[in-house]
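In the two complexes below, subunit A is the common chain; its partner is subunit B in one and subunit C in the other.
The block that comes next holds the complex of A and B.
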């Protein structure tokens, strides 16, 4: 019964990964021969297993090192910001029956229904030199910041695109914390803040970790938001992969960068796997 | 007793407590006093306001009126964490990510007590509830009864001036419930903690309480000792809720029922005596046959040490208890009713 999906994954996911890995190691024949024919500046295998020259070139390139640092920074900052905002909204929704809490929860989901391209353009226009923020502030004689085409815009865009899923995920976890355990903590003498820290957060750890890993992996490999809203240099690896693949015609280098992103995502993915195991262990119990 | 004296001795004093949800008054001008060291149960059907009352005492719900004094101090304006009470929740509400030890130690750690004192007090209270062997277990790995005892330990370790028990046994199986309620009662008496227990289970209330407050429609119908509540109910509701009651319209005159507007006669099943009509001397006992109620046994329900007999009398059904030999289904019987309770418009009349 499981054979068709397994075959599908092997053909459409497994095979491209294997051929891409071989190409990044300098194997330019076989399924890679067409790409290799037109590609520029590629490293060809010097031994049976290949060569690490393409990796060496990418990882020692000063510009790409800056881009890698930017990618990691944006990922970390955006993920932390998304987690804080999403947990705050989820918590407010959990502890308050007010209309504001409900409105906020709905508002946080809205970006899910707006295409990323549209959202990116909106952010760009909002924070550009002649955008809404500066225009509004100029009315009261204050010179506002220009965040369009900066790292800040990428982070704002990343938070915009990642927030809805994180809010949904974390809200479900926080909503699942029973009233009684919260009340038991208050009854024991804990303030609300202490109750959040000692009871609600630990009981919602798994959904928080899952939301954080999905957010981080999504931001790490993002293209649209940094492409539209970020600076030309340094930029994120997603944009570099596109530039090296299409503009510079250096597909091998872009494949190497993809594997670097993949390696980073694997580290984050380990947290997701751990969280899933923890959930499964609880379910068994 | 002067007000000052009352304040000095009262464990809990609730005066004129009111709670409304929208247009619905859930707790209506409720007064209750629980003396120090006493266990008082709030007993009533679902929706009678007993849990709402308890939650207002604990501070989880704001009262719309009235006052709540614990050891003479009005606590109405205080949040739950600043009230000198501790609650045991219906579903235990243990924190699943903490061990039993950490669950019990949590209230003490909040008070920043020295580590050795925390350990000593937690181990002492775990010893009281026989849970020392589970100190490092997570709640999910211990039984329901043990979880309940851990929740009790968490409340006791705070040395509260008032212990609140919110249907603490309702999630336990019947046998364990009897054991745990005895444990709780024994501990409560030994430690002398003023306690309020909320329950809808009359057995629980009758077996654990010094006094029982029967609630109905947001009001207390009667506060009495368990025995008195059963033998001397002041309202038809109390008589029907605490123990079983056969309700018959009218008044018992001689051996027969005489209809009378607004009047109702209540008889406990143990006071319904059945005499087989074919038993020698049956007609000689009591009233003349034409002045006696006559019925037929329609069902016999074994209850272990006794049988419950359902008897059809004219167009109504009566319940009777028989110890030892039961009567067969279909048996024609004379029905003698002893110790009738007379009610007019729901309130007890002192005449029989």
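The block that comes next holds the complex of A and C.
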């Protein structure tokens, strides 16, 4: 019964990834022959296992090094920001029963239901030279910043699109902390900050880690947000993968970059798997 | 004093968050009715519905709307048929490789979509799936497998076994137990999975463009070219149209999505 989705994934995701790996190592036969015949600047395998020349080219390219640095920076900053905001909303919702708290949690979910293309473009216009932020500040005589087409806009867009999932995950974790535990901590004389730090946060660790890993992996490989809101150069690797594939006609380099992103994502993914197995080991099935 | 300061801080935080989330959407929506907009005026130069006519009169955009509204439900249906039996198996059966499969599904999520599409192209050429509806549906379904497997699996797992056993003791056959006890109780979780899948399909652009363009354009793929080639007001009109189905869904299912089904689904057991 479990087989159909696994087979589907193996054929249409697993197989392409394996052929891509072979292609990135310089094997141009088989399924790769169509792509390889029209590709430019290709590194062809020189030994039985292939060659690392394509990886060497990509990783030593000064422009791509800058893009890699930007990708990592945006991912780290966005993930930290998303976690802080989401935890704040979750906490507020847990500690206050007010309608405002509930409304806030619903509000934070809205971006999930707006297509990313629209979200990115809306953010671009909002923070552009003639956008709302500058218009509003101009009313009081202040020259506002232009964030459109900058790294800041990519971070704003990434936070905007990632917030809903993180809020849902973390809220559900924080809601699960029993009232009795929080009250006991307060009765024992712990301050609110202390209760949050040493009672609520430890009990919600797993959902927080899951939210953080999914946010980071999502931002790391993102295309739409940096494509619309970010500068032409430096840009994020997701945009480079697209440019090298469709504009520069260098699919091998594009595939190599995909593996670089995948390697980074795997490191983050390990944290997710670890967090899950830690709870699975404790849980009684 | 401290309490007042805290309240003030809270108010600022709430207003900032509202502006951060809704500001761009409202600003974009107001463009759809503006003749033009001169910086730094807070209001547009004039109001018009002319841009709506431009969009409604363009047959290509109409076709895109139709394609999107066909592909998304089809994707949800196919994805449910393929994934729900697997979700039940993951929840109720212990079999070799179970956990490896769950992690494998997660790993496919970690590979950048753009890189995947770049290499999927050669496979699609080999299988003659380029420029076909089947090819587009495959791209869309692949993007929904994680939701359709994980969330329903958690929903099935949370149905108490004692209820199923009680039904069986009362003489119900396994299939009947499934359809009258297990499935109804797992339905809210499945609904959340279906909605997430619908949104994923409705949002998919790069893969659809690669496989379907120029014969099969959907709303998001059209949106890309609208943003790059039309005045912003036209794209704003199209944005509002593109958001309507999603926002309706949001209003319909808010309670279920907020109820923790989604969060449950993302914890591998």
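Side notes on the structure shown:
We adopt the following convention: the second predicted complex is superposed on the first by the 283 of 285 C-alpha atoms of A that agree within 3 Å, B and C clash if a C-alpha of one lies under 4 Å from a C-alpha of the other, contacts with A are read in each partner's own complex, and residues count from 1 in each chain.
Everything below uses one rule, namely that a contact is a pair of C-beta atoms (placed from the backbone, for glycine too) under 8 Å apart; a residue touches a chain by one contact, two chains touch by 3 or more.
None of the values given here were measured: they were computed from a predicted structure.
The partner of subunit A that touches more of its residues, comparing subunit B with subunit C, is C. After overlaying the two complexes on the shared chain, residue contacts for A:122 are found with subunit C alone; subunit B is out of touch.
In the superposition on chain A, A:273 makes contact with subunit C only, not with subunit B. Contacts of A:131 after superposition on the shared chain: subunit C is touched, whereas subunit B is not. Once the two complexes are overlaid on the shared chain, A:178 sits against subunit B while remaining clear of subunit C. In the superposed pair of complexes, A:141 makes contact with neither subunit B nor subunit C. In the superposition on chain A, A:105 makes contact with subunit C only, not with subunit B.
When the two complexes are laid over each other on chain A, subunit A has residues 285 in contact with both subunit B and subunit C.
Subunit A meets subunit B in the complex at residues 178, 180-181, 183-191, 194, 198-199, 202-203, 205, 282, 285. Within the complex formed with subunit A, the residues of subunit C that make contact are 10, 13-14, 17-18, 20-25, 27-28, 31, 37, 39-42, 82-83, 85-86, 88-90, 93, 95, 98, 101, 103-116, 118-123, 125-126, 138, 141-142, 145, 148-149, 199, 202-203, 205-206, 219-220, 223-224, 227, 232, 235, 239, 242-243, 246-247, 249-250, 254, 257-258, 260, 262-264, 266-269.
On the side of subunit A, the complex with subunit C involves touching residues 1-6, 8-9, 12-17, 19-20, 23, 31-35, 85, 88-89, 92, 100, 104-119, 121-123, 125-127, 129-132, 134-136, 138-139, 156, 160, 163, 165, 168-169, 171-173, 175, 206-207, 210, 214, 217, 220-221, 223-224, 228, 237-238, 241-242, 245, 251, 254-255, 257-259, 261-262, 265-266, 268-269, 272-273, 276-277, 279-280, 283, 285. Across the complex, subunit A is touched by residues 58-60, 79-82, 85-87, 89-91, 93-97, 106-107, 110-111, 140-141, 154, 158 of subunit B.
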